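Next come the structures, one after another.
One chain, chain A, appears in both complexes that follow, with chain B as partner in the first and chain C in the second.
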Partner chain A sequence: MYGYGGTIVRINLETGEIGRSPTPETFAREWLGARGFVAKTIYDEVPRDADPLGPENLFIIAPGVLTGSFAPCGSKVGFGCVSPLTNGHADSNMGGHLGPELKFAGYDMIVFERISPKPVYLFVDDDTIELRPAEQYWGMGSLDLEARMKKDLGEDFQIATIGPAGENGVAFACITHDFGRQAGRCGVGAVMGSKKIKAIAVRGTRSLPVHDLPGLTKHTYDIIQRTKTHPNMEPWQKYGTALFVSWANEHGCFPSRNFQTTVHEGWEGISGEKLAEEVLVTHKACFGCWMNCGKYSRARIPGKPDAYLEGPEYETIALCGGSCGMTDIHHVAYANYLCDNLGLDTMSGGNIVGFAMECFQRGIITQKDLEGHELRWGNIDDFEHFLRMIAARRGIGETFSHGTRAAAQKLGRGTIEFAEQAKGMEFSGYDTRWYSAQLLSYCTSDIGAHHNRSWAITADIELGQDTPVGKAPVVIYLQHIRPLFDTWPCCRLFWGELDVTPEEHAEAIKYLTGWAMTIEESMRVSEKIWNLTRAHYLERNGGPGRKHDVAPLRQLEERIPNGPAEGRKVGTENFEYMLNDYYANRGWDRDGNPTREVLELLGLKHAADNLEKRGLLGKPIPGGIPKVRGQKLKPKAM
Partner chain B sequence: MVVYLRSGGKLRDRLKPDVDQYTRKFEIGGTPTLREILVAMDIPFALVAFGFSQGKVRRLDYRPSEGEVVTLQPPVAGG
Partner chain C sequence: MRIKVDKSRCTGCKLCQQICTIEHYHEINPKKAAIHIGAEFPAPGVFTPMLCVQCGACARACPEIAIERTGNDGAFVIDPSKCTNCGVCIETCPIGVMYSHADAPTPIKCDLCLKCTEVCNTGALTVVDTPRATSR
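Our next item is the complex of A and B:
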C-alpha cells in the first residue's frame, strides 16, 4: 500500500504485550487517518460506560495519509480517546514533526490499551518498539522533560510529553511536542497520564512509499512557488495568528474578563505587534511548511526567571490574556509557558482561570479557598498560583481541574450562567453574541466548543450578524471541511489563508496512494465521521441530542455592555431557530438525533441499529433528508 | 490617486484583480484612508483585519501614498 507506514501497533500496557498487524487498505481508504482512525476505533472498541480515565478507555496516536508528505505541510498527527471533559469522542491534532517521524518508522496507528502498573514511555526506533521505565521522569514539566530526553536519547528523536497536570488527571491536560506544539484540547493529556505514559519518543528513518513520486514532487513544487509570493504570506510569517487580536477587539468578539465584555481595555499591550516587538526571538515551522507561523518567544518578568516558549498565538492571547484581564504581553507569554510546562491546554486553562477570576470577583470563592492568595484580573502571580493549584488538584484546584462546567455544577450559586463552555469543553477565544453562526458551531460541535471544528465568524459577517437565517447550512459545510484537515491530516492554514484548494489536497492523495480519490469522497468521509461521533456521544450520554446542544446563558441572554458590539446577544429564540435549521439540514430529527436514512446513506447502518436499540434513533423525516447537507458560503453579490 | 490593493481568498473575489491574479489597481480622489477606500470599493471593512505594506501593519485609518501597494489581510481563524 502506498502513502501509509503500513503497520498498526497495539500495546497492552498491563501485560506489556506489543502486537503489530498490517494496515488494511480498506480501513485506510474508508477512514483516511488521524480523526477518522480514532473515531472508528473508539466507536467499535470502547465500552459505552467506560471511565475516560479508567482502563477500558483507549489512547490512540495516528498520523494519516498526508502526514509526512509535502503536500503541503503534512506535519500533523492525531491523538484520540474518550474525553474526560465531554465524555464523548475526542480527537486532538498536533503539528511539529512527531507524525512524520511515526510514518517514517512505518506506523499508521498505535493503540494503547489498559493501564501500565508503573510510569513508562514509548520508545520507537524504526522496527524497535519498547515500553521503557519512566519513573525518573515522572513529575517533570513537559518542556523540561523534552529537553532532557533529547539529551538522553539524541536530537534526532521526536518527543511528545505530558506534564504534572496529565499525570494528575486534570481533565484539560494536553500533550506537548517540539517545545511548544500541543495536542491541546479534549483532555487527551489526562488520558495519556491515566495510562501512566509519560512520553513518546520516535525515530523513523525509512522512506514513505509513494505511488507517483514525480507527480507528487511537481504538484508540491507548483504549490510552493505559488504560495511563496502569495500576498498573505508575509504578514503570516512575521506575526502568526496574534495579529488577529486587534481585529477581534475592533469587531466585538474578543473575550475580556471571562467574556463579560468583548473589547478589552489595554488590548494593545497584548497585540501581535507587541509580541513581535517585545517577546519574539525567532520564527518556527513544522515539518513540510514554509510559512513559519510559529513564534518562539521569551517572556521577561522582573523577579521571575526568563521563560522560553512557542507562542503566544491568538487563542492563548485571548484566553490567558483577555479573558484573564491581562494587558502585558510578557505576562501572557509567561502564562503560556506555565500552561505548556505544567501540561495544560492554554485555551481551556485560560478560560477556566478567567471563570475562577469572575467567581472571585463575585465573592463566590475567597482568599481562604486560595491558600491566602487572591485571584485578581490581570495579576500574573495570582494566575500562576491558581494554575498550580489546578495542576496539582490541590484544595479548590481540584474542583476546577474537572473543567468549567463541572466546577460550576459543584459551586452552584448561578455560576453555570457564566461558564463559557459547550458539552463541557471551554470556548475558544471568540465571544459569539454578535456571531450567532459561531455560537451554533460551538454548541453543535462533537468535541465541545472548539473553533477548529467550524470557524464561522466570516459567515456571520457575510450573512448578517443580526440574523439567524441561512447560518446552519454554512456551519454544516464548515464542520465537514475543517475537520477534514484533522483527518488527512495536514495543516489547514494553506487552505484557509493561502488559497491552496481542498481539491489540491485531494490530488496529493492520488499521487501518494494511487487512489482516484476526489474531494467529494474525502468530504463524504468527513461527514460520515461527524455522524459517527454524534451517535457515539448519544450512546454514551443519552439523548435526545438537542439536550446536549445547549448554549451558555451569557451568550444567549446577557447583552454586551460596551464596545463595538454593545447591546448584542444571540437570543434564545434565534438559537432555537438555528438549531431547528441545523438538524433539518443535517438529516437529523427535531430532537437532534441522526435518522436511519442519513446514517445508512453514509455507511453507518450499525450505528443506526445501535441508536435504535437505545431508543435514540431519529424519527424519519417526511419527504426525506436533504440531498446536500451543508453549503459553502457564497459571498454577497456587490 | 492610484493605489494597488492585493489579497487572496474570498477578499480576492471582492477585489476583482486586474493587474495580476491578486492585485487590483484602484483610482480614487483625495488622500483617503484604507477604510474609505474599502467603502468606495464596496468591501465590508469587517472582512479586512488590517492592511500590510512595506513590511508593516497598517490599520484601517492609514492613508496610502500615491502608487502604494497594500495587502489586505482577512480575519483568520485563530490557532
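Our next item is the complex of A and C:
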C-alpha cells in the first residue's frame, strides 16, 4: 500500500508482548489516519465503563496518510485514548518530527494495552521495537528528559516525553516533543503516565512508498512557490500565532483575569511584537513547513534561571498570560516553560490557574490552602508555586488537578458559574460573549472547549456578532473541515492563512496513495468520526446529549464590563436557539442524540445499535434529516 | 556558484532534505539527504544546515578516482560505476559532510543541483555566484 508506513503495532504493557500486522487498506481508506484511526479503535475496543487511568483504556499513537510526505506540512501525529478530563473520546495531536519519523520507520499506528509493571520507554529503530526500563528517567521534567535521551540515544532519534504531571495522573497532562511541541489537550499525558510509559524514542531510516512521486513533487513545489509571496507569510513567519494577541484585544475576545473581561490591560507587554523583541531566540518549524510559526524563546527573570522554551503561542499568552493577569512577556514565557517541563497543557493549565486566581480574589481559597503563598493576578512566583502544587497533586493542588469543572464541583460556592469549560475541558483563549458561533463550537464539541475543533471567531464577524441566526450550519461545517486536518493529518494553517485549499490537500492523497479520493469523501470521513465520537461520549456518560452541551453561566449571562465588546453576552435564549438549530442541521433529534438515519447514512449502523440498546438513539426526524449537513464558509484570516 | 548557508535563518523544517532525496533517489527520505541539519537544543537553540562546500578533499583522497568535477558548475560528483563505497572520502572530509545510508550504494554528497535553495523559504540556503565551485 502506498502512502502509509504499512504496519500496525500492538504492545501489551503487562506481558511485554509486541505484535505487528499489516495496515489493512480498507481501514486506512475508511479512516485515513491519526484522529480517524484513533476514534475507530477506541470506540471498538475500550469498554464503556473503563477507568481512563486504568488498564482497560488504550493509549494510541497514530500518524496518517499525509504524515512524513512531501505534502504541505505533513508533520502531524495523533494520540488517542479515553480522556480523564472529559470522560469521553480523546484525541490530541502534535507537529514537530515524531510522526514523520514513525512513518519512516514503517508504522501507521501503535496501540498500547494494559499497564506496565515498571516505568518503561518505547524504543523504535526501524524494525527494532523494544520496551526499555525507564526508572532512571522517572520524575524528570519533559524538556530535561528529551535533552537527556538525545544524549543517551543520539540526535537523530525523535523523542516524546511526559513530565511529573503525567506520571501523577493530572487530568490535563500533556505529551511533549521537539523541545516544545505538545499533544496538549484531553489529558493524553496522564493516560501515557498511567500506563507507565515515560517516553517514546523513534528513528526511521526508510523511504516512504509513494504512488506518484513526480506528481506529488510538482503539486507541492508549485504550492510552495505560490505561497511564498502570500501577504500572510511574513507576519506569520515573524510572530507566529502570537500576532493574534493584538487583534483579539481589539476585537473583545481576549480572556483577561479568568475571562472577567475581554480586553487585557497591559496586553501590549505580552504581544507578538513584544515576543519578537524580547524573548525570541530562533524561528522553528515543524516537518515540511515553510511558514515556521514556531517561536523558540528564552525567558529571563531576575532570581530565576534562564528558561528555554518553544512559544509562547497565542493560546498560552491568552491563558497563562491574559487569564492569569500577566503583562510581561518574560513571565508568560516562563509560565510556558514551567507547564512544558512539568508536563501540563498550557491551555488548561493557564485556564485553571486563572480560575484559581479568581477563587483567591473572592476569598474562596486562601493562603492557608496555598501553603502560605498567595495567588495574585500577574504574579509569576504565585503562579509557579500553585502550578507545582497541581503537578504534584499536593494539598489543594489535588482538587485542581482534575480540571476546572471537577474543582468547581468540589469547591462549590457558585464557582461553577465562572469555571470556563465545556464537558470538563477548559476553554481555549477566546471569550465568546460576542462570538456566539465560537460558544456553540466549544459546547457541542466531542472533546469539550477546544478551538481546534472549530474556530469560528472570524465567521462570527462575517455572520453578525449580535445574532444567533445562521451560526449552527457554519459551526457544523467547521467541525468537519478543521478536524479533518487532524485526520489526514497535516497543519491547518496553510488552509487558514495561506489559502491552500482543502481540495489541494486532498489531491496530495491521490498522489500519495493512488486512490481517487475527493475532498467530499474526506469530509464524509470527518462527519463520520464526529458522529462516532458523539455516540461514544453518550455511551460513556448517558443521555440526553443536550445535557452535556452546556455553556458556562459567565458566557451566557454576565455582560462584558468594558472594552470593545462592552455589554455583550450570548444569552441563554440565544444559546438554546443555536443548539436547536445545530441538532436539526446535524440530523440529530431535539435532545441532541444522533438518529439512526444519519448514523446509517455514514456507515455507523453498529453505533446506532449500541445507542439503541442504551436508550440513547435519537428519535426519527419527521421529514428526514437534511441532505446537506453544514454550510461551507471559509473563515477569513484575521 | 555555491550554496550560502545562513544558519540563523534555518528553522529545521527538513524541506531541503526531502527535495534532495526526491531529486537524487526518487524517494522521500530525509536520512538519505546530502544535507544534514544540526540542532542544538534546548540551549542555545540553533539549527545548522551542513552540506558540502566543494573543497575537493574527497576527490583527492578517493583511491578509485571516483569523484570528479562533473557536476553543475564544476561540483564534485561521485561516479557510482567506479565507487566501491570504501568510505575513505567520508573519513577524509574535513567538515564531515560526506554522508552515508544503509540503502545508498555510494556515499552521499551535494552535487549543487540547487533544488534545496528553491524550496527554502527563509533564506537559510541561497545561491551565490562565485567564480569557481571551489570557492569557500
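In this text, the second predicted complex is superposed on the first by the 633 of 638 C-alpha atoms of A that agree within 3 Å, B and C clash if a C-alpha of one lies under 4 Å from a C-alpha of the other, contacts with A are read in each partner's own complex, and residues count from 1 in each chain.
Here, a residue touches a chain if its C-beta (ideal position, glycine included) is under 8 Å from a C-beta of that chain, and two chains touch if they have at least 3 such contacts.
Note that the structure is a prediction, hence the values are computed from the model and not measured.
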Which superposed partner A:F244 touches (first chain B, second chain C, both, neither): first
Chain B versus chain C as contact partner of A:E234, first or second or both or neither: first
Does the superposition put A:E273 against chain B (first), chain C (second), both, or neither? first
Report for A:Y430: first if it touches chain B alone, second if chain C alone, otherwise both or neither. first
For A:W290, decide between first (touching chain B), second (touching chain C), both and neither. second
When the two structures are overlaid on chain A, which partner does A:G496 contact: first (chain B), second (chain C), both, or neither? first
Just checking: does A:W455 make contact with chain B only, chain C only, both, or neither of them? Give me first, second, both or neither. first
Applying the document's definition of touch, where does A:E315 land relative to chain B and chain C: first, second, both, or neither? first
Give me the intersection of chain A's contacts with chain B and its contacts with chain C, in residue numbers. none
Residue numbers on chain A that touch chain B, as the complex places them: 230-232, 234-235, 238-241, 243-244, 246-248, 251, 272-273, 293, 313-315, 318, 428-430, 451-452, 455, 457-458, 461-462, 493, 496-499, 633, 635, 638
Chain C residues touching chain A in their complex are 8-9, 11-15, 18-19, 21-22, 25-32, 38-39, 41-47, 101-103, 118-122
Which of the residues in chain A come into contact with chain C in the complex? 68-70, 97, 100, 104, 143, 146-147, 155-156, 179, 204-208, 210, 213, 217, 221, 224-225, 228, 233, 237, 281-292, 294, 296, 298, 306, 308
Taking the complex as given, what residues does chain B use to touch chain A? 6-10, 12-14, 22-23, 42, 44, 46-47, 49-50, 52, 55, 57, 59, 71-79
